[in-house]
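Given below, in the form of structure tokens, are the structures.
Okay, so subunit A shows up in both of these, paired with subunit B first and subunit C after.
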Partner chain A sequence: MTAPILTVESLGVTFDGAIPAVRDLSFDLYPGETLAVVGESGSGKSVTSLAIMGLLDDAATVTGRAVYVDAAGSRVELIGLGERSLRRLRGNEISMIFQEPMTALNPVLTVGEQIAEALRLHRGTSRRAARTAAVEAMEQVRIPDPARRSQQYPHELSGGMRQRVMIAMAMVCRPRILIADEPTTALDVTIQSQILGLLADLKDETGTAVVLITHDMGVVAEMADRVVVMQQSRLVEQGAVGEIFRNPREPYTRALLDAVPRLGAMTGIDHPVPFPLSSEDER
Partner chain B sequence: MKPILELTDVVKRFPLRGGSTVHAVEHVSLSVPAGRTVALVGESGCGKSTLANLAMRLEQPDSGSIVLDGVDITHLRARALRPHRRKIQMVFQDPFASLNPRAAVGSSVAEPLRVHGTPGGATQQDRVAELFRLVGLDPSDMAKYPHQFSGGQRQRICIARALASQPSLVVADEATSALDVSVRARVLNLFMELQEKLGVAYLFVSHDLAVVERVAHQVAVMRLGQIVEFGSRQDIFADPRHPYTRRLLDAVPVADPERRRTRDRSSEELVSPIRPRGSSPELVTMREVSAGHWVAEPTGAERPSLADAAARRNIE
Partner chain C sequence: MTDTMLPEPTTRSAGAPARQGSVFVALLRSPVGLVGLLMLATCLLATVLGPMLYPVDPMEIAGRPLLPPGAPDAPPLGTDEVGRDLLAGLLNGGRVTLLVGVAAAALSTFIGVVIGGLAGYLGGWIDSALMRFTEFFQVLPILLFAMVLVTLFQPSVGMLSFAIGIVAWPGTARITRAEFMRIRTLDYVRAARAIGIPSLRIMVRLVLPNALPPIIVISTLIVGSAMLFESGLSFLGLGAPGTVSWGTMLGDNRDKLAIAWWTVTLPGAAIFLAVLSISLIGDGLNDALNPKRRKR
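Up next is the complex of A and B:
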């Protein structure tokens, strides 16, 4: 097997000395794979990605290691890395997309300018060339009529189109790692399906490794090569997607899977059927 | 089976500044049989919540009629409506937003009892304790405040409140959408148990088809303010006929890595229910394809684009 592109080792995050948000978390990310980090609210999945990206504020204490192997092949310790070096990586070699594109986009800049900004910043591309590249990036994320759309502001676009713009921004510098935090949670189901299809295609086209943070086991089943299951700040189980679904070793993973309604599970039955849940108390 | 709720030819439009109109609900007829669950599914802006609000008379329909348990309530004024409101109650998506943060939860659950009286001559206190037990909460938590409960427990409190007046129908508008997956399954189980125990009917509004497949007896698929397909759960999930129903079903991610579907590569947008002045949507005609399974005939506007979509999927 090839070497991991990112190795997270004994990662811990604590806010102001309170109960840890992430404890002793270790996993590897391999080039070109999609790794799903799955868990319920408060399990620590988003904090994990923010810690790796150096995006947590001073209230957070981060311990452990996150070693990234950069484009030149040298090992970079991300935890504790200076802001200047982090900025060189973020949006360039490692980029991120979030759940709510409206809050992540600048409302007073056209979407074309925002996509171009990453190129001008990281690659020193000229204004004109960056503008052309932005339109190409929009075309790559299947935005119809990209030249016209690039002149529009975020509020003029639908939720699905905004998420495509976010993806274009994240992908324009051809990152080696894309962290996608609940990228389709706010979207309608038909639009979600399109965005998932797009992410899968882009991953195939570019070879970018994807860390997909989600609470939706359906999305995991559809997208992931490997899965990390988190519960209450800890890693519960990790493994290949088929293995996790077919043969979960941990009771929590099994309980999580039992609670997922599966389309088609009720074929031949014409009345409602409760979920087969254990009698364990609700948190 | 006797319907508890019958909506007939209901229309609701919202005027916008500049003369255009949101055609939220366009000539919808739907009935909910007593003791059964009818699910209303569709995407953002399809009019499903407006239809739920119309059934509750939280919105006044522009035309059409709403018959609740044999009584036409379409034009009843507040005072005349009140005794009928007892029979139809609602549970919303966000339980925290629907509970008074400064009232003890026991008091919130007792609110319908103060309005409609306590059934069977029990004391209010006893009835609230009974409701707490019914939804799986500890009656000793009555004096606590909403922030002291988890999301799932808060939704149980809202369900207890909805059941306080012994309604025949509960309208649940995305009632489990904000909950974590394991909590959601438990609250859905509670809905189903309560139906079994109390014979209450549900109008279950949801965007989540996999959830709907679990809970519903019948399903209505809404698109752009109109119902495009209606049938038993089996009809809709095993034999979907309308292209939009199929598209919705195709889009649901299935929690089984061995059943990965071909992905949707289109960038087709959801169509808006907003129309300029003087333009009104083409009304669908429903055809009964088998007993109780109704499908809208494709309208002129959607024929080409849906054919395109189908063709695209076949190529891939």
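Up next is the complex of A and C:
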């Protein structure tokens, strides 16, 4: 088996010395695979990704290790890495897309300029060449009429279109890792499946490893190769998707799987039953 | 020939209208802004073209002192306490007043945006230090400070602008800081950091353009208050020597108010109208730049 491209070892994140948001989390990411990080809101999924990117603010204390193996094969410890080195990696080798396409684009720049920004920054591409590359990137994320669209401002695009622009922004430098933080949560179901399909296609075209953060087991089944299940800031279970779906070891994983509605699952039940939360004092 | 009979296609691609253009159009559409723009245009035309159309030296004696407007042998708007032509004074004096207003507002906006922007974006001890510095300027008796500056150095148009600009920025700094603090936490700033854009570039390319609307509005209002300030300093005799400004005219003639109302009232009205026009434009811009009105 190939060596992992990213190794997270006993990662911990605490805000202002309060209750930890992530505790003792370890997982590996292999080149070209899609790893899903699943868990309910507040389970520490997003904080994990922000910690890996070094995007948490000063209030957060991050412990543990996250080793990234770059294209040349040298190992880079991401936790505690200087801002300058992190900046060189971000958007270039490790990229991220966010949940809210409505607010994650700058309203005063055209989307083309925003996509070109990363290229000009990391590759030193000239303004004109970057603009052409931005149009190509928009074509790659299946935006119709990309030349005209690249001249438009975010408010002129629909939510699905904006999420495509976000993906183009994150992918334009061909990063080796893409962290997608609930990329489809804010979109409606049809757009959601389009975006997921696009991410899968892009992954196949570019060989980028994808960390897909989601709470939707349906998305996991469709997209992921392997799954990391988190609950209340801890790792609960990890393994191959088929394995976990067939044979979840942990009751929490089973509960998450049961949360996906199935056709006919409500037969004989009058109302949806509240999701059983494990008690807070367990920590 | 028959081709020309065909109607022109009326649908155009829904391209983005130029942003500045749409703000300007919105300003023209707001009644307040339109009135302000018209008034300011009148003031500017009068001060720029006026001296050419009415080439009378405002410093020369044009007749007997204190001739009322419309008196026989008097200039159109009468003469002041030493017999200078009041109309010539008004037309020429506006130039200094408007120039000082704009220059002082530009300087104070620059200082305010730099200090407020750094404080708001960087936060932490830098924010605290810069805000204490700002508060120091806020509690300073600014008129006194500006007077000291002007008397210590040569009073001139440049010095007046500097003295006013250097005391007028705290409001801009506070507004800029608040905007930067708000915008700093927005998703698109986080997204920009996630693709590796350095902080300074984020501040200039992302945060500043999004923080501009309130900054533009307050800068406009500062133009008005700087003009008042210049008039105040000139009234106190600290205006640039050898030049006419509405403030100096007001100051020179202030003790004649009871016997020759026009010598004081006319420059006072000019100041009032100019400042009012700028305030109206500021209000109009406030509406025009309001994103809730600009949204489609």
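We adopt the following convention: the second predicted complex is superposed on the first by the 262 of 283 C-alpha atoms of A that agree within 3 Å, B and C clash if a C-alpha of one lies under 4 Å from a C-alpha of the other, contacts with A are read in each partner's own complex, and residues count from 1 in each chain.
Going forward, a contact is a pair of C-beta atoms (placed from the backbone, for glycine too) under 8 Å apart; a residue touches a chain by one contact, two chains touch by 3 or more.
In this text, all values refer to a predicted model and were calculated from it rather than measured experimentally.
In the superposition on chain A, no contact is made by A:Leu81 with either subunit B or subunit C. When the two complexes are overlaid on their common chain A, residue A:Gly197 makes contact with subunit B while staying clear of subunit C.
Contact with neither subunit B nor subunit C is seen for A:Leu56 once the two complexes are overlaid on the shared chain.
Once the two complexes are overlaid on the shared chain, A:Ser158 sits against subunit B while remaining clear of subunit C.
When the two structures are aligned on the shared chain, A:Val69 is found in touch with neither subunit B nor subunit C. With both complexes placed on chain A, subunit A has more residues touched by B than by the other of subunit B and subunit C. Shared contact residues of subunit A with subunit B and subunit C: none. Interface residues of subunit A facing subunit B in the complex, by the touch rule stated above, are 40-41, 142-144, 158, 160-161, 164, 188-194, 196-198, 200-201, 215-222, 224, 241-242, 245, 255-268, 270-275, 277, 282-283. Within the complex formed with subunit A, the residues of subunit C that make contact are 13-16, 19, 124, 186-188, 190-198, 201, 205-206, 209-210, 295-296.
Remark: subunit B residues 37, 43-44, 136, 150, 152-153, 180-186, 188-189, 192-193, 195, 207-211, 213-217, 232-234, 237-238, 247-261, 263-270 touch subunit A in the complex.
Those residues of subunit A lying in contact with subunit C across their complex are 53, 55, 58, 86-92, 95-98, 100, 103-110, 117-118, 121-122, 148, 151-153, 155-156, 166, 169-170, 173.
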